[in-house]
């Protein structure tokens, strides 16, 4: 898998240090599946991931899957199972460019980019920014269009 | 034909050639673009969480100012501005809670509008302004035939691949710009200018967008995919409407060349540059010196430029 | 004065838990006309029914009210009990104090008061009920079958074999439906044509079947036992009575057009039979494409026809048939690829649908059974099968599962592998649904013996890349995106009701369910009956189904038709309209109101009469009658007024 | 509290079956209505409605099949037209037309039946007892 940037791994560690690549078994219980976290994701995103029947069409068409550690349908699956640490600690939510390709094709009308945005907010809440202005090299700052700066800091900043 | 024009931040700095060619072409075509006074940033990306209602304030303030300025339509060329304005406009129209909250916020907002002194806040904004992309203005208002007739220097023989990107087409239910899978508006525009239109399979794939900052290699991969596919399909130049796509397609070719040895540069142009060219406007307006990948040799080769 | 017996049921706690049944019985005993009232724990049980029977005989009751559950459940039970005790069944009525009282109210006093009103109102009805006998209506023992696919063929043969006449109407020039297009059938891989053509021939030769192909049902009026059917025979421009089916005209016709039967992968002539084994084996001229009709010259077919069967001036003919029952077997179409934008909506030649692939597999198909892709005729070595193309997609396409695609796609992949041993088939699926006899074994065989790769994920994008068809899918089992450079893609497009189903449903007034399929009377217990008496359903017109299911349903529908025909006359509910001839002024108000043409003006008497066999008892004419001359048996205005009055008594 | 007296004329195929479904689903609703089963809502004659009001009803409810679903093809359309006329007639007689209500309730709409009964009871309660000057 292509390395995105060195910083992504570092920042991920900053955000969810306790997770750091665990792939243990999924422990299920009613209170896990129906957790406050699951409800928070639903209310924040306005999307109910429980409606997904896991056809995988989102992942099939997503332009960013090569860099993702979990494909979008897996993030939704883990959300259905209430696996907070996995979904908050994955790279995928930071790699969604909200191009809406998945949403425009989803047979259930699920907007994954909304879920990713909600998860980013929850991951950053009270913690650190994923992308701070000082993380961006000077020459990049002068080159990129304004809209990219505003968008990126809206998606990745506090 | 008169309508409000919302330029957006990027076209005033990194993409002045988009702005200049838009204004010059509109003048040439007799379209009265009235630039919105005291416009502010549109917010760039549409807020995707239920709680970020305040993030709708900038767009609604802009749209309310369009109305207060006496216009019922506003046009823009930047795909991001178009997407945020159009989606916010729809949200305000269909969502009572958002409409009430945003208007409540804006009621205390003292509109800085020197052309119209007011003691009272304007009436609530309820989504009454139509947000149009410039391509829609041509399709639904101006007409392709009229555009083709106005073309003084048809771009015959120029093989152009239209690149839509993401924001113009999706989410289809909210932007309702064209068929999300097989759009045709850009093709019709280019055909009206006399171009040979090149269809290619990645015309609506994502360019990597703002991942340009956080995951530039992903953006390079995607831009490379799109550019090579267009060239393979026979394109000589890529036409687009979004300044961020432009950045990811043009300047990024510097990085693509490093990551993908053997990659050949492909020129990229804003659709309005092609328009200005076809209308026979002065080369100075086109801003052809602003491209990373120089498009001038191609245009000269095609006898479209002195 | 009537002598009415009232029987209050406890239904265990269901009624007695809320309603004071003892008090109810005691109060009702005081009601005028009530000779006897009692309560019992389960009135519908055998001892309960025995109690009703005994009391009728013992007390010489001439009316019975059972205060119990909804009449839809036990009206028949107690009317039968009444009849066994010598009472006319129409003297027995049910007061619904369970579904519409004890189950929906909590306050005992209020519920008891309401139950009292319901029971009193029912007693008032019985007080004025007449003893009635069912109206006997003669039955036309002749059936109409609409649609000549496998379901229609099976239904027609079953009914005809039972000795009844059948009119089989098919809109295409030949019967056979989609099944005759198929190559081999799952899970036994028997040749579709081999098993179907004998049945098609049997239809053509059956003395009891009148086969009308190239014909459409325009209208059906009447009611069960007595339908009038209007049929349009489309002009074939060939006199089929004269035509010998020699085929010279087809051979000589210079005009070639893409063949619908071959899913546009092969050609046919402008005068054609859809396929060589067509039944009847008589050609039709496709007026839209015929050179003579387009340009006024040619007539090659006419020149070479030895028996002079070509009829340029032929017009559509209208026929009328009388039948007693109808089987609707109008079949399916496949969801158009043009609607699938993400798969480029049919613009890539080598992206075809399952039926087209059947034609490629078929020994009688355009490639004689060789797998060759449409674009350049080469043998595709990498073939991707995409399931749920338009199915299971409530947001953009069809919400339902098309049911047969898992199995036919497995079969396609398997047959492809048999035809192209060095090729690789891939199947993208969401869930494999292999529930049928021998189906799961078939699926496993495709994996075990034929090396079919099944990928769990829905394809998002298909595009042309040079001479390859690129497929972007996912394998959700590994969590990876999948890209395949395929030579050909086969889409398992959704099954949709055949074109024109909606219009037919409106014309013949049978219901439709979601997705436009025909609505069955009960999803579990009455799966072959429609909501309208006399109409039966078979095959994919009702829901997507495979061949054995379609055949089973067709035989079920046929047996229902045979059941209707097993008697010469049908008992008709006698609670219909009647006229007080002295009151009727002959104003005609009732006549246009009747949906069944059961009201008619009798010129001799100068009054409007009721044709009892046609009256369904809706009561619309009764309400329309300004003088009150028309009344409904056992629901007269006088009865209704009494019922209202007691319902409002405290 | 005023307890309105309501007469309900229900078509056997749809609304009566919907009322049965409310029962089998054990939904609870106001007990003010007493149901009278007709084969079709088109059997309801304006004189039945008037008779009910005359005999002490505070409200009259008519339930039929949804448009297009009538078992007798289009009886419910006839009812619809008659109800419009009846409402006019009631107003002329000084009876609020809100005392007469027509609803399409299918055999599958037990919940709608229960809700409609509650709503209609409240509607009549708000109108108060019918004062008829006969």
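Order of writing sets the chain letters: A, B, C and D. Residues in each chain are counted from 1.
Keep in mind that, in the parts below, contacts are C-beta pairs under 8 Å (C-beta built on N, C-alpha and C of every residue); 3 or more make two chains touch, one makes a residue touch a chain.
The structure displayed is predicted, hence computed values, not measured ones.
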Counting only C-beta pairs in contact, which pair of chains has the most of them? A-B
In whole angstrom, the CA-centroid distance of chain C from chain D equals 33
Please tell me the distance, in whole Å, between the geometric centres of chain A and chain D computed from their C-alpha atoms. 54
Determine the centre-to-centre distance between chain B and chain C, using the mean Cα coordinates as centres, and give it in whole Å. 53
Find the geometric centre of each of chain A and chain B from their Cα atoms only, then give the gap between the two centres in Å, rounded to an integer. 27
For chain C, which residues are shared contacts with two or more other chains? 342, 461
Could you list the positions in chain A whose residues touch two or more of the other chains? 66, 101
Chain B, residues touching no fewer than two other chains: 180
Going by the touch rule stated at the top, which chains touch which? A-B, A-C, B-C, C-D
Note which residues of chain B are touching chain A in the complex, please. 8-10, 13-15, 41, 43-45, 47-51, 55, 78, 80-81, 165-166, 169-172, 180, 204-206, 208-218, 221-222, 243-244, 246-247, 251
Sort out for me which residues of chain A touch chain B in the complex. 2-5, 7-8, 43-46, 63-64, 66-67, 94-95, 97-101, 103-104, 111, 113-114, 117-118, 121, 130-131, 136, 140, 143-152, 154-156
Chain C partner contacts - residues on chain A that touch it in the complex: 53-62, 65-66, 70-71, 73-74, 101-102, 105-109
Listed in rising order, the residues of chain C that touch chain D in the complex are 70-72, 96, 98-101, 103-107, 110-111, 113-114, 117-118, 121, 509, 511, 575, 593, 595, 616-620, 622-624, 632, 635, 637, 640-641, 643-645, 647-648
Contact footprint of chain C on chain D as seen in their complex: 5, 7, 17, 19-20, 22-24, 26-29, 31, 34-40, 42-48, 51-52, 55-57, 69, 71-75, 78, 82, 114
